[in-house]
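What follows is a pair of complexes built around chain A, which joins chain B in one and chain C in the other.
Let's turn to the complex of A and B:
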């Protein structure tokens, strides 16, 4: 079976840490990264969060690199374009293509680096959250934020049956593939439609079965939502505070600093 | 005492298909019941009628002698006491974590939070899945999911547990663990009802069997009565259990005693006629009618014990020195079965017992005991069909030890005693580390085998 982000999160040791602490770290990281004018702050955040995810979260480095490669590749392309087309004035370097002069100005380069740093910083924060906090844990956070119970319950069941239907869908797709259901565009299209129809009917049936089985267990409109008490430990608190203060210090000293 | 009864129960689906046709059954409290029939014979519909999901078109269902009522209050009461484990665990397990799923029933019974927590912990401990409590169900194997489904029902403490095809899609080890759980529940006084098309399972496990075919009950009785009627089995589109099949074949060849009805392998072994006559090479000075000492048999030559002294009476001598002799075997040492209650487990204690008694075959029954053995690196010779295997090994002269706990200690004891009663062969059996108050009840039998 293919591993998805949620599977890594479930196995991560950081899963059992206080959810609010993790949310606070992530929110702080994103806010600090976005509001800083210097690329150093988001870079610093990206390094710290990646380290935390890989080292404390025990996420395989290879997997993490692969995960980061997607947004990083995208942002690198954008950064090159931004560097060339942003900013006016004196060029740091330039070259001629017939009829046009392309150059990079200091303002453009600064902007490019800032965009790169902010993207990486933001993504590393999001990955930290999604690789250490599985959906299961977020349900109790939703519960604590006074989200209506019915929504949470539906979300919980949806979460559970995503995996059931994913397995069904993979099975059906495999069965179609071995009978050449995806041999060309036309047949692929037909097969996809059949897969979709099948899944729809199955989910309908599953709904009825679910209703039966819940009734058989005296369903009375109540689902148990876990509210584990996980107090923040002193070391965790100190580490987080140190991280926050470091970010703020970097933020303060680099507020008017530009790379070039 | 009859706990559940149906009278002229008929049910049709809204589209007019008949699903149940005049069902009259009485289910005794505390029994192990099997409904056997091919797919589509109406077993699942019958089960859903028993907990009030399907309202019968005709006839009625009596629970503890009172007819089932269909207002929400009475339905709640019935569903609390008649738990159904569905065939497909994914239909039943819908919560994102194991813990929440097991907590679902108790929460809906309006128990206070602390009590729910306590029940869930106890139940998960009992099915041996405590270490997976925060995992989502899609990370579990089929057997583990089935145990979660059973835990979800057991947590509500019902009087009757109904399982629809409990062993469907399970591997042998998973199936064995599920059967262990059911036997234990049965020992705790629950009425267990299963549906199956596996005749071997129904034959060896159930106390009472209903054969279903074409939405009707076509026959009922104890397994020994039901499965020896070929016409009834044929009508239900079933075949004879393998044990009976083998027994019939060896009986026809004159190798087995007649009028037995072996339900499991120890029974089958017991039904074999002992082999008395054999060919032996004899020295020239031996005459017909003499007794010769063949020495000591051991290993695979010893049939009843680890070591056997064999004396033979020579019946007839051929010219080439081969003689037909009638063997008289005497066991030197009978095997024994010890039962170790892992509720009072300590590693040193167990190892010293294994050392002291010269135990040759250790088996574990129940998830908890298996986990203990695995954790402390105790080698298990037997993990499946432990009681049967231990009886067979003890018959072959081995000293066996069964690691088990709680209700299963007595269950094992009863099973072995039942075998001794049936076969007339005495196997020394005892609980090695009994509770102090039970020490007096314990009997250690020391007699040799016949």
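Let's turn to the complex of A and C:
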């Protein structure tokens, strides 16, 4: 837990591209993936977005693979449950446990593959957004929407303090580890408690200090940020349109196709 | 328990947004009211949110071998009440999905419903009733947080089951299946989180009990009594 995805986004060469274009690509990918009935569309999206993230965004491939493996546990368990319980009819294969027959039907297998592909596609879109667009850029997007000011203010300050506390937490954890604070279950639990308490008290004091310092600088409940103007380049526009039309074509041709 | 991006099919992710949005709007209304009364609440809530985020990104020492993170929302509900916790958790869940790859955007509605609304609400309700009934503060915090965690996990299983009903037995059968499989990690995890939160509260009472009095988690009489029993 030493790096969060935002660290990569800040260094990304795609950071200075138009925010709305990136958001449009991600939203389109997510919506197309979720509403598709064939696993090919989200799979195609996953391939395209992963390529864009790794090639254009210059994210190390190994790191990206590790990221994609993160949701695997939850997804695989759920997909297996879906495969066994969803859909009826002839079973592709089945086995008996005392008093119960478990089997996978074609409909169940199709559904499981679809969900797996959708998750892959959706996660790759999410990773594209979070690995190329730092949160600071998204704040100007949030400001342009009609969210209440207090919400955005809290989001912005929270973002800042995540890094402050993360550093404190990592420092404390390191110090505890060096002193064998995580040598077995009991001590690691004790260390966690101390870490959590310290973090809570420190964050509370930090919040009071923050209020004082911002108040003395005439804070009136609104932080101003200036947005850069970044027009969409022609090549970017063409590439995006090509991607969109390809997805739509795949979507159209595979709408009634099933794997099994 | 976060549901990942793309996992919920089409009618269901919209439905969970429809469920969550009114609660979030109400939370924002409450928040704006609170901010107009006490302006210092914005930085305090922001650091509280950051605290929840960092806490939830720390790995708990694992029992079952799976990676397990505390949700932190039960604690937030005890401290700030369920309405404000729902707003905070929208931001926290958004950051978790963007920075840590936990959760997703279309599933944000469902995740907010389970982790930001129902879990905290259960925790708050339990905490308030039990403290009125005179339960020991630490036991109360432990139970409230653990129950909130279980409520979250039951709701998540329900969300998955409704979206993927079993062929035989419908949503109920798949609810049992999802529930049973995730119970192996969630039951010990909830106990861990409850114990963690209760012990954190113990230290907070010891070192900085005025915070808890400010937030009306404890009355000042109760706080002094707790401190006395400790010595």
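Note that the second predicted complex is superposed on the first by the 207 of 260 C-alpha atoms of A that agree within 3 Å, B and C clash if a C-alpha of one lies under 4 Å from a C-alpha of the other, contacts with A are read in each partner's own complex, and residues count from 1 in each chain.
Throughout what follows, a contact is a pair of C-beta atoms (placed from the backbone, for glycine too) under 8 Å apart; a residue touches a chain by one contact, two chains touch by 3 or more.
Model, not experiment: these values are computed from the prediction.
K.L.:
A:24 contacts which: chain B (first), chain C (second), both, neither?
P.N.:
Touch partners of A:24: none, neither chain B nor chain C.
K.L.:
Have a look at where A:239 lands relative to chain B and chain C in the superposition and call it first, second, both or neither.
P.N.:
Neither partner.
K.L.:
Check the residue A:54 against both partner chains and state whether it touches chain B (first), chain C (second), both, or neither.
P.N.:
After superposing on A, A:54 lies clear of both chain B and chain C.
K.L.:
Let me test your reading of the model: by the given contact rule, A:77 touches which partner, first (chain B), second (chain C), both or neither?
P.N.:
Touch status of A:77: second partner only.
K.L.:
Quick one: is A:164 in contact with chain B, with chain C, with both, or with neither? Answer first, second, both or neither.
P.N.:
Both chain B and chain C are touched by A:164.
K.L.:
With the two complexes superposed on chain A, say which partner A:216 touches: chain B (first), chain C (second), both, or neither.
P.N.:
After superposition on chain A, A:216 lies in contact with chain B alone.
K.L.:
Does chain B (first) or chain C (second) touch A:188, or do both, or does neither?
P.N.:
So A:188 only meets chain C here.
K.L.:
Quick one: classify A:10 as touching chain B (first), chain C (second), both or neither.
P.N.:
Touch status of A:10: first partner only.
K.L.:
Check the residue A:139 against both partner chains and state whether it touches chain B (first), chain C (second), both, or neither.
P.N.:
After superposition on chain A, A:139 lies in contact with chain B alone.
K.L.:
With both structures placed on chain A, which of the two partners, chain B or chain C, ends up touching more residues of chain A?
P.N.:
C
K.L.:
Considering each complex separately, which residues of chain A are in contact with chain B in the first and with chain C in the second?
P.N.:
Residues common to the chain A contacts of chain C and of chain B are 6, 135, 156-157, 159-161, 164, 206, 210, 214-215, listed in rising order.
K.L.:
Using the touch definition from the top, list the residues of chain A that touch chain B in their complex.
P.N.:
Spelled out, the residues of chain A in touch with chain B are 6-7, 10, 15, 134-136, 139, 156-157, 159-161, 163-164, 167, 206, 209-210, 212-220, 222-226.
K.L.:
So in the complex, the part of chain C that touches chain A is made up of which residues?
P.N.:
Those in contact with chain A are residues 1-2, 4-10, 13, 28, 31-32, 35, 39-40, 42-51, 53-55, 57-61, 63, 66, 87-88, 91-92, 94-95, 97-101, 104-106, 160, 164-168, 173-174, 177-178, 181-182, 192, 195-196, 199-200, 203-204, 207-208, 211.
K.L.:
Chain C touches which residues of chain A in the complex?
P.N.:
Contacts found on chain A: 1, 4-6, 30-31, 33-35, 42, 67, 70-71, 73-75, 77-78, 81-82, 84-88, 105, 107-108, 111, 115, 118-123, 125-127, 129-130, 135, 148, 150-151, 153-162, 164-166, 169, 173, 182, 185, 188-189, 192-197, 199-201, 203-204, 206-208, 210-211, 214-215, 221.
K.L.:
Please output the residues of chain B touching chain A within their complex, sorted ascending.
P.N.:
Checking each residue of chain B against chain A gives 48, 51, 53, 76, 79-80, 83-84, 86, 88, 90-97, 99-100, 103-105, 107-110, 116, 134-139, 152-153, 156.
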